[in-house]
Each structure stands twice: as structure tokens, then as C-alpha cells.
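Let me begin by presenting the structure, written as C-alpha cells, before commenting on it.
Letters are used for the chains, namely A, B, C, D, E and F, taken in the order the chains are written, and counting of residues starts over at 1 for each.
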Amino acid sequence: MRIDGRKYDQIRPIKITRNYTKYAEGSVLIETGDTRVICTASIEDKVPPFLKGKGEGWITCEYNMLPRATQVRKIRDITRGKVDGRTMEIQRLIGRALRSVVDLKAIGEKTIWVDCDVIQADGGTRTASISGAFVSLVDAVNVLHKRSPFKIYPIRDFVSAISVGIVNDIRMLDLCYLEDSRAKVDMNVVMTDSDEIVEIQGTGEQSPFTKEDLKELMGLAEKGIKNMINAQKNSLKMDSLWIGTGGE
Amino acid sequence: MRIDGRKYDQIRPIKITRNYTKYAEGSVLIETGDTRVICTASIEDKVPPFLKGKGEGWITCEYNMLPRATQVRKIRDITRGKVDGRTMEIQRLIGRALRSVVDLKAIGEKTIWVDCDVIQADGGTRTASISGAFVSLVDAVNVLHKRSPFKIYPIRDFVSAISVGIVNDIRMLDLCYLEDSRAKVDMNVVMTDSDEIVEIQGTGEQSPFTKEDLKELMGLAEKGIKNMINAQKNSLKMDSLWIGTGGE
Amino acid sequence: MRIDGRKYDQIRPIKITRNYTKYAEGSVLIETGDTRVICTASIEDKVPPFLKGKGEGWITCEYNMLPRATQVRKIRDITRGKVDGRTMEIQRLIGRALRSVVDLKAIGEKTIWVDCDVIQADGGTRTASISGAFVSLVDAVNVLHKRSPFKIYPIRDFVSAISVGIVNDIRMLDLCYLEDSRAKVDMNVVMTDSDEIVEIQGTGEQSPFTKEDLKELMGLAEKGIKNMINAQKNSLKMDSLWIGTGGE
Amino acid sequence: MRIDGRKYDQIRPIKITRNYTKYAEGSVLIETGDTRVICTASIEDKVPPFLKGKGEGWITCEYNMLPRATQVRKIRDITRGKVDGRTMEIQRLIGRALRSVVDLKAIGEKTIWVDCDVIQADGGTRTASISGAFVSLVDAVNVLHKRSPFKIYPIRDFVSAISVGIVNDIRMLDLCYLEDSRAKVDMNVVMTDSDEIVEIQGTGEQSPFTKEDLKELMGLAEKGIKNMINAQKNSLKMDSLWIGTGGE
Amino acid sequence: MRIDGRKYDQIRPIKITRNYTKYAEGSVLIETGDTRVICTASIEDKVPPFLKGKGEGWITCEYNMLPRATQVRKIRDITRGKVDGRTMEIQRLIGRALRSVVDLKAIGEKTIWVDCDVIQADGGTRTASISGAFVSLVDAVNVLHKRSPFKIYPIRDFVSAISVGIVNDIRMLDLCYLEDSRAKVDMNVVMTDSDEIVEIQGTGEQSPFTKEDLKELMGLAEKGIKNMINAQKNSLKMDSLWIGTGGE
Amino acid sequence: MRIDGRKYDQIRPIKITRNYTKYAEGSVLIETGDTRVICTASIEDKVPPFLKGKGEGWITCEYNMLPRATQVRKIRDITRGKVDGRTMEIQRLIGRALRSVVDLKAIGEKTIWVDCDVIQADGGTRTASISGAFVSLVDAVNVLHKRSPFKIYPIRDFVSAISVGIVNDIRMLDLCYLEDSRAKVDMNVVMTDSDEIVEIQGTGEQSPFTKEDLKELMGLAEKGIKNMINAQKNSLKMDSLWIGTGGE
């Protein structure tokens, strides 16, 4: 049994609140256990310089934690004078994950800014951010769709993420902070609704792991991803992207 | 009648949620109309260099807006590379307002960090921040009080803030964003429960104003402050600071 | 009697030297007691991005102190890596004060940069800066007027500023540094020659103040402003802006 | 056949030059094909603040490319004003990889700074950096060992890294730049001489991949790692760490 | 004849005003023609880290131009975000020049901060800064001497600087801005009262120069230095440093 | 006899390796004794803003040391947050030296970026950089020449640099690090193949020097420059620039 009574292959309760704030084209509060992240998707009618004139869109992400989202108050980036490496890695990861399921040409010359601001951190903030950000992205894309319907609906598949790891020699799904801080192996997996892998990042800094571990952890992750994508579908009230939005 | 149906001397609905997040010693969500601010108070067991060894405490504030708290997405400070002047002014203002009602010697060599993060901005974010921050400060001070009771309870009085202004030649209380953006005169007032002024900042950049205006605006502000302090008292479930917390 | 022998409602001697340096369109040394500030106004033939193509001009201000303008040497901003909050507040205040009396449309697509560099600081540097900057602004506007006469003279009124405060429970006008450092209440007031208020910023961080205090301090400020505007008129050798410059 | 005539499961020629520069405790030039990286390991007799007094050592890495290591000149970080996200990810990865095989307690309160400066980049600079950095680390640790022999030799295992990926639907080992720039799936793997995984980072931003792909790519990586570790052993003239350095 | 009527080997009028501001231990306004620089020397009772505990003092310099010291307004360093290379070179030069004539051991563990702020720039600001800074340094050292007499008077010799150059193929002394901007060769020379060279920096970016040119320019510089040192002596009212200050 | 057995007027062995890396238009490794610098010249088809539309080219230089090029590891600029003054001086010096022998109009609207990255520092890195950078510049200019022959060959003369100094009262040529760190007088000289001076920078911070010293040091420098220019000619396989490259 785990700290919070869960089974090893069980994820925490997921709650997704859409339209959480009123200005953003997509605005979602995602809660997985005690981890809470506000994800907003904002449309801008231009693209970064490297895409100008190519007829393609772009999706970029920024991730941040409120100073007291954590047990000990974290100094703001602007006070330290730079974004720390962890934050950079996470926001690059979220951006890649979202772009992997989007047809950027179908979007046209627009940028969608996705902001993930962590209100409360209890492990798994980066994976919760991806899962929540995807829902806000769908809402923002549907705002564009209502303004002027897409010929090709730009979102090709659902995408979600979950963490897995090895704690006290036991492989576990969806680590909370206390588990995460003791994990010898820590892995984040991003997958689509078609069971394909978008990203896998596993690290055994404190102790290397075997190929068998890798295989088992991937199995746990797959299970968690399915739960998360179900939660996304329920929240968006659609079984598939094509029927719900691009549709007849 | 105003945009949102209020009378000129009427403030927007106030909602104060304590214990909004789980780690901070004080954690408050304050909502005034559509303006929503998360205020946390965090205790640190040391003081800034200029106070070392003086036996006094310190209260400092940081203010920030989530990028999509506003109609148009605002670039993060860390991306611009600096805190903008408006943010600096606001966080200095909040800090002064809180310190004005606290006996820093009674607190001892501790710093209380107050973070005001605006989730949604619809005018009056700096005054809502002061009013919410005060409640989070009381909660944090009471955490200290429980750990080791103060001889002198460090908070001397309630403090709240409200905005007033002149819009279309009419003097108004508690401006929402649409009113604020058209105001010719804009004033923020910070007052205590003893009806005393802690801070007044009025500006008529677009058109100067008279001493008569100043007097009338102060009257409106006083009315708004009373409402706000009542909301603080209800939320904290105490009529006065001494009875509620210091007490027997 | 005050430290320097003045009455409570008496301002320090004012000296305004125009054409203090040779390159700037307007260049003024203002001295109020031992406070000395160089104010220059520089014309640039373009406007900031947010005004491009609107046919309007802009006035912006930068404020700085030489490192040894003060008793203890102050580290330069560039060494600290950022402008401190106090400086930001002051330069924003000076900018608003000047713009409040100028018809920016009449100026056309030009920016006037006003630089206030404090050579020696003995209290009241921000208010001296406003009063001196106004004179440099008039000189710069008149340079434009000579190049190509304005149809509408862009400066609508004189503007000056003064500090007031409560020191040892006594309300005083134009605080020098020693008084300022002991003041419980500190207020800066910006007014026009038409007796209207452009800006009021009062703070009672160390002890709140009453509405009666506010009223009395405003009276003192009004008196100081009149003296300061007289000094501006004498220096500019004009009784009113319209006769002296726009005119026949 | 590949661009440079290699087979799909073949790595490029590896050349490791020890003692490449004269000041660093460990100094290695590693060449894998046309990719060339200078790796130095420098000993500092103190640890970062978070380790002070704990009796443990630390290994940290910095990674950089000379401006013209690439086809198009890259602006220096100091000119852009910040380290880019890619660089941060890489230097964090190298640090984790090295620390995973080192007993930091055995090292004592010292920091080993590993600098990887890319002279010429033709794909795989991060994996070459890890492989070369490990050799420089061994040399630096042996300098410490000669000064004062370790009771427990601090390096537990060899560690190397290699890239794999899917290009034109073909799974390949050790991608050169031209292959890397066309890869739909890109994966970097760090493994020890005991066939265990230290880190796996795979991304299919342009197209997700299957679990079958993951398995096959891991097999290729394992093969490449074996070659690389052989090159390290030859260069260090030791078959195992214990015999070669910690003594019989 | 030159632009301003001077002979080729003639320097501009020099005016040195001591005690220009009231707080600094040494405070000088130096004017050479239309070039005006405020030089202050400030005493700090500690030394930089690299000198701690060595019983030696340090002299360091900062140089800056007010934004409108020049014909076109110059953006402040803090706005650009960095000190420009020219400023860095100049402040390093001034520091070396002053330290070259001071016995830093005799000063003891103190830092003297010399600030050179250019009010108006008409060529030769770096050499005027050196010459003026020296006078402010003597005044600051004499403040220390009065507090507690030195056994060895720390200043060993007078030091001054002057510019020379080749303009329109003519070698000239003390270039004003118009001459400087057309000079093909530009040289700054720092010398002592003992006719020795402390620093020589000559550049022929637009056209190389001969050894004959070098010799002749050195002769002109020597003449200018003598004039400048005389001005320093007159201002300080002392013929030699030992009699005037160390003495009986 | 000197530390490394050289005579006082003898330079260290020079080795120039062209085409050191494969991407840059010019790429040189220069070694003078143990000092090793990679110099690359990169062509960019645009000019800085101040030259736009003038039909002229520009040459700019950046200089850097790898962290462990020195005995003690040097913190990277990006970690310190700024380029240090020494680096700025050096890169400005290299840029001026190269531009002094180039006809920028003949180059047309192009920028040549010269990067000097020090791999190993044993004194004289700035002069080695100039001498090596010149060779890389010739190679880059010849790349342009091959693409489209110049009417006027843009390089007018060879340029080289060398250091001289006074160590233990002895005047010496080409100081290594140990000599440089003990030198009382330190001078860098840049000269052309026509025996003309491009730049002279001499400093006697620790003890001033005489005109006789200056003359003798110039003589030593001249000798060293001749050796260095010979090495450049041998490396480039041309006796004069015009015959080797501009010609038939």
C-alpha cells in the first residue's frame, strides 16, 4: 500500500475544470490529487520569426510555479534573474507534446501560447500540465474553428502524460511528491490515444535500471495514460476529436 | 447606472476563501467582482541584511499577474528580463500597507513573504491584493502565535484598500476594468479600521482635479473600506484582532 | 523652528539656471536648498511603438542620482543590474506630471526625453525634478516652436511639485533630508498654476494619519507650489505661457 | 546505405585524446566522426551551498558550442543574455550521467567541474560529451587518488552515451547531423558497462512511435554503447576501473 | 589654426573647482574647454574580496556620461542592460592611472571609489577625468590624513593625462570633439610629474602611423601634461605633495 | 636567460594550422609556445544598423577563453552575467587591428565575424589572436573572392601583434604567463608589414616607465612582428597579398 492508500498501478483522482478564467480562449484548471495547475491557451495572430511567411502555425508553452505552490517558498525566476533549467526542460517538453498531435499547417499563421501555472505542487506537475494544456488547446482551437471553420481539423489525436517510477524497489504509477522525492528511477511518458509514444524521459541518477524495468514501467504508464485521456474526453464531452468538433 | 448595474457608491461582491492552498502559513483567494487574486503569506526564519541583529521582523510583498489574467496576454517578467515599473510600485505599496499595522518588533527576527498572484484582472487588483494579503497575514501570524504565543499581539489594526475615480465626470467607488480604462482621475486609498489613512495615491494624468474632488473621493473610499473590512472580519470570524486571536 | 531655521510653512531658497549645458534643447540646473538636479529635455523625431501612426507625441522621463549625491555612496543601477523600485516610481511620476499639462497631439510625432540627474540630494529630489523638468520642457518646446510654429501651443499650464510631511507631530512644508528621514507621514503633491491637483501621493507607513492631516498638508503644499511656480515664471521670464511663447 | 557509407547499426570512428590541454586535472578531446568536443574536468576544494558540511562531493557540468562549431554561426550565450534551453538540458543530462556512476561520499567535499566545449558539431554532441567527459573525470579522480588514495574508489562503473533514431522509416545508430535533422524520432541513451540504463530520452515530436520501435532502438543503442565503452577502456588503458586505478 | 583658434601645441583652458558637492570626501568639477566632468572620491572601510586580510587598500573607478552630455542623447547603460566596452576601457584606465602613483599599503584596508560623471562632453573626457580624479583623490586622502595621520604619505606623485592625435595630417595636442571625430590617429597619454609614462594608448584604426609620429606625439603630450599638472598644483595650493599635506 | 631558455629578444615557436574546423570560411589554430587560440572568420550577408545602405562592410570580433584554458578554472561569462572588461578591451582591440588593413568599401555590405576562442592560455593570447585572426580573415576574404572576384582586393597589408614588457628590470619580447604576471611594464603592439604602427597599448601600473623604455620596447616589438608576419606568409603560402590572391 502507498502513502495515500492507492494501489501501485492506480492514479490519483483527476478533476478538469474548463473555462476557469474568462479572458483566455482556452482556460483549464486540472487537479490530480493535490497537484493543481491552471492551463490557458491564448491565440496570437502572428508566428515567431523562423516561421514567417511559411503559412504554418506554432504552439509554444511557458510553465511556472507560484512561489508558494511548494512546501518551501520558491524564489521567483525574475528575482533570480533567470529561468532555471528544470523549468526550461518542462516547458520545452510540454510544447513538443502538444505540437506532436497538431497539424501546424492547418492552423495557419497563428501562435497558440499555452501557459501552465502551478498553484499547488504535489508531484507530477509536468505531466498534469501536459494533460490539462491539451484540453485548453482543444478549446482554443475550437474558438478558431467557430470564427472560421478549418478544412482539416488541426488536432489529430488526444495526448496525455503521466509519471512512473521505482520507489523502495517497487514500480509505481503517478508518483506524489513524497514518493517522487524518494524515487531511485523517475520516468515521464507522453502518449496519444492511439497508444503511441510521443516522449519518454527516464532517469536513474541514483541508480541505473534494467530493460525489464523499462518495459514494466511503460506498461504502467500506458494504463495511466488511458485513465487520463478518458478524463479529457469526459471533460470535453467528446469521444473523438473528429466527431465532436470537426464534424458533420 | 454603471456598466455592471452598480450604484456609484457601491462596491462589487467580495468573496474571501481562506486556506486556499495547503503549504503556505496563510493562503487566501480574494475575489472582488471578476478580479481574483491568490494571496499567500510565508514565514521565513531570517531577516534581510539591513535588519540583522536588530530583533525586528520584516514584511515584504511580491505581486504578479498570470500571463492571461488580462484580456491580452501579458509577457512574463522573466521573458522581458525585468519587473515593470507598475508591478514594482504595487508590491512596494502592498508591503507598506501591511507593515503600517504591524508591530515588527513583536514579530521578532522573521520575514513574512506575502505573494499576491492575480489569476484574473478586472480592475482594482492592487487594492484587492492589499485586502486579501491582510487576511493571509493574520493567518500566518496566528500560526506563529500557536507555535509560541506573542506577548504583544503584533497586528495592531485591520487594513484594507479600495479604488475610487472620476469617470465621465462622475465620482465612483471600486472601478472595474472598463471604468478604470476611461477614468480621468484614478485614486487608491488604504485605510485602517480606525478610519485613518495609510496611503493615498491619486493621479489626474489626463486631467487635474480639484480639492473638492479629493474630499468627495475620500468619502467614497471610506465607505468602500468599511465594507471591505467587514468582509475581512467575517472571513476571519473575529470582530477585533485582540479578542479573536491574542486572547483568552 | 526647524533644523535650518525655516518656519514650518516656508520653502527653501530656489535657484533655476537655464541653458546649463550646451547640447540639450532644454537644460536646467534647479537648486532647492542643497538639493541640486540637472534636468535636460531632448527632442527625438519618433514615438514609442504604441503611438506609431497616431499623430501624437510622447514625453518620458528618466531619473537618476550620481553615486555620491548622497551621504553614503549609492551603487549604480548598472552594477546592481536593475533600476530600483524607488527610481522607477519617481521617473513614472515625473513623466505623468509633465504629460498632464501638455497637449500631446499638438506636439505631433515626437518624443521629448526628460532626464533628471541628481547631483546632490538633500530631500525633495523628486519634486525638485518635476519643477526643474518643467522649465527644461518649456525651453525644448520653444525650440520646436521656433523651428516651426505650433498652431496650438502644446503646454496648457505651469506644473510644479513640493513635498509636505509630519515630523515630530508637526506638519511641515518642503522637507530637507534630516526632516524627511524622521517623518511619520510623507506626501508629495503636484499641482498646476490653476490650483488643480495632478498627483497626490501620501504615505503613513510608520503611522496612519487623519483626514484633518490630509487637508492641512494640502494647504501647505498649495502654498509651496505657488512659490515654486513663481520661480519658474521668473526664470522663464514669462507670466503666462500663452503670452510669452505662443504669441504675437 | 547511409549518407557516409555506414551500415544502420554502425557507429562512426571514435578517437579519444587524453591530456589535450595542460592545466586541467582531466582534459580530453573526443572525436566521433566529424563531431569534436573538448572535455575538461577541474577539481575545486569546496561544494555548492546545499552540500556544505555533509561530507559529500559534487559533479557539475557546463556545455557550450564555439560560435562556428556549426554550419551557421551561433550567437554566443552572453550576447543573447541567457543560456538557451537546449544547452541547459544537455548540461543537466551530462551531470546526471556522470553522477550516476560516482560515489559522491567517497569523493569528499570537493566539486568536479566538467566542461564540454564543442569545437565542431556534426550530430551527437551531447552523447559524445558524456562519453568524453567520463574519461576526463577518471583522469581527474586519479589525480585526487595520487594525492591521497581513496579507501573506496569513487567511480563504480563506466558510463557512455549514444544517439539512435528513425530516419526515413529506418532505425539507425549514431546519427550524424544530416540524419539527425531529418529524423522523425530521436533518442539519446546513457548506459553503464553493466548494461543498465542511466537515462533514456526519446522524442517523436514529428511523429509518435511504437513500443516495438522503442525496443529495437534500445537494442541499437546497447550495441553502440559497447563500442564506446571499449574506446574509453582503450584510451584509459584499463579493462576495469578497479584494477587500473584503485590498485590491486 | 584650429577650429577654436588654438595653436597645434596648445591645450584648452583648464578650470578645477574643489568641494563641488558636499558629501564626498573629495569632490571636483574639472572643465577643459567645454568638457565638464564631476569627479568624486568616496572612502569605504573595506576592500574587495581579493584583498581581504592583506593590509592593502584599493582604488577603483566608475565612469559615466549623463545622457545628454553629448550632441545626440545617449541611452543609459541600465536601459541597454550593460556597460558598453568604451566605458569599461575608460574606467579601467582611470583606475590604473590613479593606482600607479599611490602606495596602496600605506592606505590600509580601505577602498577609494572614484566616480567620474561627464556633464558635458567635448572631447578628452577620459583624460580630463584622470586629471580631475587625481585632485579629488588627494582631497579624500587628506581627509583620511586628518582623521589619523599617515606615517608614509600614500600619494607618491602627481598624475595627469592628455590626448594627442593626427588630424588632417597635422599632429595636435588636446583634441576637441570635432577634431577627435576626424582624427586618423588618436592617442591618450598618462604621465607623472617626474616625466614618466604611466600609460600610452595610441590607435591608428583609420591609418597606421610611423615611429616618428609616435615620438612627436609623445613630445606634445608631455607639454600638455605639464600644463595640466600645474593646474592641479594651483588648485590644490601645493607645489609638491609632501610639503602640502604630509607635512609640518 | 629566460624561464623557458629563450633570449630576451626571441619569440616563442609559432605554429599556424589553417582549415582547422570545417564549417567556417576561415578557420585557424594558432599556437605561440603553449598559447593556443582557435580563430574563425564567418561571413554574414548583412551589416550592423549603423552601416545599412552605405555600401560598406564591417569586421567585428569576439574573444573568449574556455573555462580551463587557465591554471584556475575561469567562470563563464554567461554565469557571471556579463562580459568582463578585459575581454571587451581585447575584442575591441582585435576588431580595430583587422579593420585597419582592410578596405571596408571593397568588401561591400557584408559582416565578417571573427571569433577567437582560447583553448590554452600561456601569455600573449590577445596578440596571438590578432595574428591568427588575420590569417582566418584572409581565407574568408578569398572565399568571397572565389565566389565573385573583387575589383580592388580588400586587404591592404599584413597585420600582426606581439607583446613586450619589462620584467625584473629587463626588457623582453613575447612574454609567457609567468613573465607577464611579474612584469612591471606591459605593452602590446600591433604593426603592419610596412613597419607602421596600428596600435600601441602600454601600461606601467606598477611602475611608470621612461621614454627610453618606450623606444627600446618598440624596437623589440618590431622584431617580433617581423617573425610573426613571416609565419603568416608561410602559412598562407604567399609573399604579398596582391600576388597571391588578387592576381592572375
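The working rule: a residue touches a chain if its C-beta (ideal position, glycine included) is under 8 Å from a C-beta of that chain, and two chains touch if they have at least 3 such contacts.
Here's who's who by UniProt: A, B, C, D, E, F = Ribonuclease PH.
All values reported here derive from a predicted model rather than from experimental measurement.
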Intersection of the contact lists for chain A (Ribonuclease PH) and chain F (Ribonuclease PH): D
Inter-copy rotation, chain B (Ribonuclease PH) to chain E (Ribonuclease PH), in degrees (Cα atoms; steps of 5): 120
Distance between chain centroids, defined by C-alpha means - chain C (Ribonuclease PH), chain E (Ribonuclease PH) (Å): 34
Separation of chain B (Ribonuclease PH) from chain D (Ribonuclease PH), taking each centre as the mean of its C-alpha atoms, in whole Å: 52
Centre distance in Å when chain E (Ribonuclease PH) and chain F (Ribonuclease PH) are each reduced to the mean of their C-alpha atoms: 29
Residues of chain A (Ribonuclease PH) whose C-beta touches two or more other chains: 81-83
Ring topology as an ordered chain list, initiated at chain A (Ribonuclease PH) and continued via chain B (Ribonuclease PH): A, B, C, E, F, D
Residue numbers on chain F (Ribonuclease PH) that touch chain E (Ribonuclease PH), as the complex places them: 82-83, 85, 88-89, 91-92, 96, 99-100, 191-192, 194-211, 213-215, 218
Sites on chain A (Ribonuclease PH) touched by chain B (Ribonuclease PH) in the complex: 21-24, 27, 34, 36, 38, 40, 42, 44, 62, 64, 66-71, 73, 76-79, 82-83, 113, 115, 117, 119-120
